[in-house]
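Just below is one structure, and these are the notes that go with it.
A, B, C, D, E, F, G and H label the chains in the order they appear, each numbered from 1.
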Amino acid sequence: MSKQPLVGIVMGSDNDYGIMVETAKALKELGIAFEMTVTSAHRTPERTGKYVREARERGLKVLVAGAGAAAHLAGVVASETTLPVIAVPIDATSLQGLDALLAMVQMPAGIPVATMAIGKAGARNAGIFAAQILAAGDEEMAGRLSAQRKKMAEGVEAKSRSLQERLAQDGFAD
Amino acid sequence: MSKQPLVGIVMGSDNDYGIMVETAKALKELGIAFEMTVTSAHRTPERTGKYVREARERGLKVLVAGAGAAAHLAGVVASETTLPVIAVPIDATSLQGLDALLAMVQMPAGIPVATMAIGKAGARNAGIFAAQILAAGDEEMAGRLSAQRKKMAEGVEAKSRSLQERLAQDGFAD
Amino acid sequence: MSKQPLVGIVMGSDNDYGIMVETAKALKELGIAFEMTVTSAHRTPERTGKYVREARERGLKVLVAGAGAAAHLAGVVASETTLPVIAVPIDATSLQGLDALLAMVQMPAGIPVATMAIGKAGARNAGIFAAQILAAGDEEMAGRLSAQRKKMAEGVEAKSRSLQERLAQDGFAD
Amino acid sequence: MSKQPLVGIVMGSDNDYGIMVETAKALKELGIAFEMTVTSAHRTPERTGKYVREARERGLKVLVAGAGAAAHLAGVVASETTLPVIAVPIDATSLQGLDALLAMVQMPAGIPVATMAIGKAGARNAGIFAAQILAAGDEEMAGRLSAQRKKMAEGVEAKSRSLQERLAQDGFAD
Amino acid sequence: MSKQPLVGIVMGSDNDYGIMVETAKALKELGIAFEMTVTSAHRTPERTGKYVREARERGLKVLVAGAGAAAHLAGVVASETTLPVIAVPIDATSLQGLDALLAMVQMPAGIPVATMAIGKAGARNAGIFAAQILAAGDEEMAGRLSAQRKKMAEGVEAKSRSLQERLAQDGFAD
Amino acid sequence: MSKQPLVGIVMGSDNDYGIMVETAKALKELGIAFEMTVTSAHRTPERTGKYVREARERGLKVLVAGAGAAAHLAGVVASETTLPVIAVPIDATSLQGLDALLAMVQMPAGIPVATMAIGKAGARNAGIFAAQILAAGDEEMAGRLSAQRKKMAEGVEAKSRSLQERLAQDGFAD
Amino acid sequence: MSKQPLVGIVMGSDNDYGIMVETAKALKELGIAFEMTVTSAHRTPERTGKYVREARERGLKVLVAGAGAAAHLAGVVASETTLPVIAVPIDATSLQGLDALLAMVQMPAGIPVATMAIGKAGARNAGIFAAQILAAGDEEMAGRLSAQRKKMAEGVEAKSRSLQERLAQDGFAD
Amino acid sequence: MSKQPLVGIVMGSDNDYGIMVETAKALKELGIAFEMTVTSAHRTPERTGKYVREARERGLKVLVAGAGAAAHLAGVVASETTLPVIAVPIDATSLQGLDALLAMVQMPAGIPVATMAIGKAGARNAGIFAAQILAAGDEEMAGRLSAQRKKMAEGVEAKSRSLQERLAQDGFAD
């Protein structure tokens, strides 16, 4: 893993770490250096703005923002940079992430935010999508992504084989 | 109406004027000076930040923010000031304002935003609520609000009388 | 904390105390005296009306109403006073607070209610927003709010530093 | 139709007349005298309270309340009487009546409100349901309701016959 | 409590007993005899039809139907009688009762169903509402309902007093 | 097209014809004889029951039920037969078909209903799905379905070619 | 149970087994041979396509697809075959199956998917519906389905009898 | 604009052209060559698969997929490539794009899809986001994006100035 972080992961609260660590894991699997920061669109607007405005010159290529509730973080990040911003809505209120999803995905024309699924699946996909962006100019990365896909497909096949045993155990064998 | 604006109305796009003019009308009826500005959380973050940070010293007492879609404007405004911020969600997408409502009302602990109803009713109420805030230290304003309430009640009674004629016209008189 | 309550917190049921105590905590932190009452829009309409009609002369400046389900309390309170009314929707049914939110925020033109987020975040913000209203004519209160913001920002920075250790523990250090 | 109104129809705004006239029509068809009033839970709380508290002694047996948005009218009416209260949610905002439905139907334990469908179907059913309540002690009314049902059934059969012609016209006859 | 049941409670599954027992309790408190039956709109259509068609002649005055999921029971019951039918939507699927609510409340014009809140609050209110229907021709029942209301109001006041102690315990006394 | 109808299409109201005619068209295209009837779960329960109980012996193999609002028709039909029942939710209220969808699809265990999409797409698919059921024992029908698929695919290709011209007209040709 | 599987059950992940085993149980009860496979629309598109394209010639008559989240599996399966495809939406995300339901049921015109209820009820009904399809050309299967219905009805009656004891135990006997 | 397309825009139906042309416009403004194709996940699975599998070797760097209803297209495209896939949900049914949004954004872990807002705003942002991806390795493109942002900000300021005239015309000048 190169030392220079290419992906900056920001989250609105350290409560979101349990979700956003999935982005970290996905990036680590693919050998992509990243950094992770807590910064809030609402509680630390200055800190957030400063982080984002310096991101490009610090060598970051992609930003990932995870937040719940009225999840403004990704939009606020995107408003300060033309780097690609990936959003992970987090289920942090009684509305189960629907609030965060709509607050992230319904961005107005002009300032795109690439929204992933709510929660852990979305956080993992944010890491993989960041890799797909980096792979545009990096053949080796493209290769790693293809290998990952192949491994996933083999995992599905293995699980299908295990399922047959489970069916037999549960009395469904003829 | 005093010349010095006490209420600053901001909106994310001039498309929102048709809704936000209701706030202006309500303030004018109550004799409260205001100003109105287009500024976007996403397209002009710097302009928005500057406007809000100077608001208090420019004599503004209340800020009203109207926006649609992933309506971050009120939250972004609130993140830069401790003045009371009133939010008006606008029905600007196929999701009929539910996106704007959730993006405004579900603010995290620490940074309140006072959310009104979606659309024109909410915009009018933003103006009245601003007056209620100002009335805390202004007996005359409190009197104007009471007078407005009385007039509303009389309007309901007048409408109820007209309804009787309509019922007769429609053949429901006994 | 002054003895004379400036904020009246009402809730529809004592089951709501666990949420509404967040408003109390926020007010206490900011040194604002308050009182708290159980009164129901539906079970004790008279009691509710009497409380609200006497509020202004008893010296209350802001009312906060917390309720769940078909949460009429804030609207009923607002119908009897021109004091600013802040609403806290509570997740008290299988619909997870969406019913309370819509029953509070969608007030018709003429009678504003300032709606906060569903649950604890909203209850805490109700206290802070009450302080923002009081700060309109109280420089010292404005100062306390600014200090609170600064402390919040420092908290975020501290959490971001702790996060680095957690990342290292979890094996993400390079 | 007896002169003494047995059903009181209240609505929050005269804008709701186009919907609530369906209740009036249904009652007229079934020969039930009614009265219709505009009164708002929020704009005229006193007027609403007075109307409801006098309803029983004025000879009313059932109350029907139609309202849109944060539709508190039915709940407020029900809080002041033990007469049966029927609620008609009206589609009056961008949320298409879902707000009014939830604000009416999700009443807390102790104060029931009988909610009908959103809009015209619900308004018509409010009239029929009022008749069903009155029919508890009125055999003749029960007979009229049975006759109405029979006529409805015949209407369905007639429409099914017409449908065959339409199918033939549209080229679906074999 | 008279022996002759006046209210028939039907439910689609005995799983619904935990909810529908609230209707039974409310009726017992008010001294109204009732009966309770499991019958399904889908699994036992014949049984359901027979029960409902015989209800009036068996002396029942009101029917209460509780069901979850695609809750057709109340509508199917209402289609076979002109007795008043009260519906209790039950939270029995992952959609948390929203499916049952819409399947009950959105009845087409002609066949009313009086829908209560989802779950226990609605079940209790179904019992009270049945009493309100019976009270139309029963002064004593009307008296019992008024007494119940008074007791509820006293309960709220008592809870408000207890709250003051709790506030003191939690350190909010001045 | 054989004279003996194999598919029975029922709808709750003749207002639904504009949607359900899509089922008729799909069946006609595939050479499957059908019949179409108006019958309501609520207004004509007897008629509905009789129609469904006689369906199998009258030679019908599949039933299609279209309805809006609290759409009980498909469930009521399914409760009276073990023939496959296909449901088409219709957008007939302010809730845009969501009520009909949930009232149809959320059937309890034991009585399946095969739900299609809301509106015209669903009505057309009901016809095609009926054909897929019939094709289980009818090789020729299976062939017709394959031919239809091939034609659809060719249609997509043709539209893609036309799109290139439209792009050129709109000035996007390089 | 015949050895030759007539129904192919596919699921997107082995996590779905706990739900989809209900389809297996229902089929076993009705004596229908089936097979069960894990295959993902997204992780193993090739495997999914191959499985579906060979299904008809391998003797399968019906396919059942269970999936959660953006549940594309049923649609992808249906796009590759004209066999009837039954979809079971699974509650696998914070949105409680609403995402899977809409992603399955809202199929465009031309490619039907027969959607069942979310979760276990839907999975069981998928098995019964598959039997109803097979019963089109199989009188004995039709008989088994009728017998199952009769048993279900008897179960409801038995539960209603038990309920009377429970009522007595709970003190509701007169 | 280079001749070699770098972005492939696919849509499920030519009805979606009115929305997806916004992606084309955004790309043209930024000088990025693209191609546009109609291909359906359901009606032409083979065509879709072939297009996507050849995309990388044909020189495409980003794929954009627009679809409505049960919008599987983006997920199906993503399942066949490791190129970044951007999804545009289209409001094409009575559910107003909520179905398409959930069917696109809720992708399972492993296969990311970058979802934009519903409709035109999302389609425009898909074009800009594609440019942001390409700008990772293209300084000149990054410059064009910055210039576009600056122009947007100037547009907001110009609109704010025009608003002052409109306010004066509408009689709000002091």
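Keep in mind that, in the parts below, a contact is a pair of C-beta atoms (placed from the backbone, for glycine too) under 8 Å apart; a residue touches a chain by one contact, two chains touch by 3 or more.
Treat the numbers as computed from the prediction; the structure is a model and nothing was measured.
S.K.: In this assembly, which chains make contact with chain E and also with chain G?
M.R.: F
S.K.: Check every other chain and keep only those touching both chain D and chain G; list them.
M.R.: E, F
S.K.: Among all other chains, pick the one whose mean CA position is farthest from the mean CA position of chain C.
M.R.: F
S.K.: In terms of residue numbering, is the interface formed by chain C and chain D classified as same (over half shared) or different (under half shared)?
M.R.: The interface of chain C with chain D is built from mostly shared positions.
S.K.: Please name the chain that ends up farthest from chain E once chain centres are defined by their CA atoms averaged.
M.R.: H
S.K.: Approximately how many whole Å separate the CA-defined centres of chain E and chain F?
M.R.: 36
S.K.: Take the average of all CA coordinates in chain A, do the same for chain C, and state the distance between these two points in whole angstrom.
M.R.: Measuring from centre to centre gives 33 Å for this pair.
S.K.: Where in chain C do residues touch at least two different other chains?
M.R.: In chain C, 13, 40, 43, 69-70, 93, 95-96, 98, 105-108, 110-111, 117-118, 121, 149, 152 touch at least two other chains.
S.K.: Every pair of chains that touch: which are they?
M.R.: Result of the pairwise touch check is A-B, A-C, A-G, A-H, B-C, B-D, B-H, C-D, C-E, D-E, D-F, E-F, E-G, F-G, F-H, G-H.
S.K.: List the residues on chain D that touch chain B in their complex, please.
M.R.: Touching chain B: residues 1, 3, 13-14, 17, 21, 24, 28, 33, 36-40, 43-44, 46-47, 69-70, 93-96 of chain D.
S.K.: Touching residues of chain G toward chain E in the complex: what are they?
M.R.: Interface residues on the chain G side: 91, 96-98, 117-119, 121, 149, 152-153, 155-157, 159-160, 162-164, 166-167, 170, 172, 174.
S.K.: Going by the contact rule at the top, pick out the chain C residues touching chain B in the complex.
M.R.: Listed in rising order, the residues are 22, 56, 61-62, 82-84, 86, 101, 105-118, 120-121, 124-126, 128-129, 132-137, 142, 145-146, 149, 152.
S.K.: State the interface residues of chain H toward chain G in the complex, per the touch definition above.
M.R.: Contact set of chain H toward chain G: 12-13, 40-43, 45, 49, 68-72, 75-76, 78-80, 93, 95, 98-99, 102-108, 110-111.
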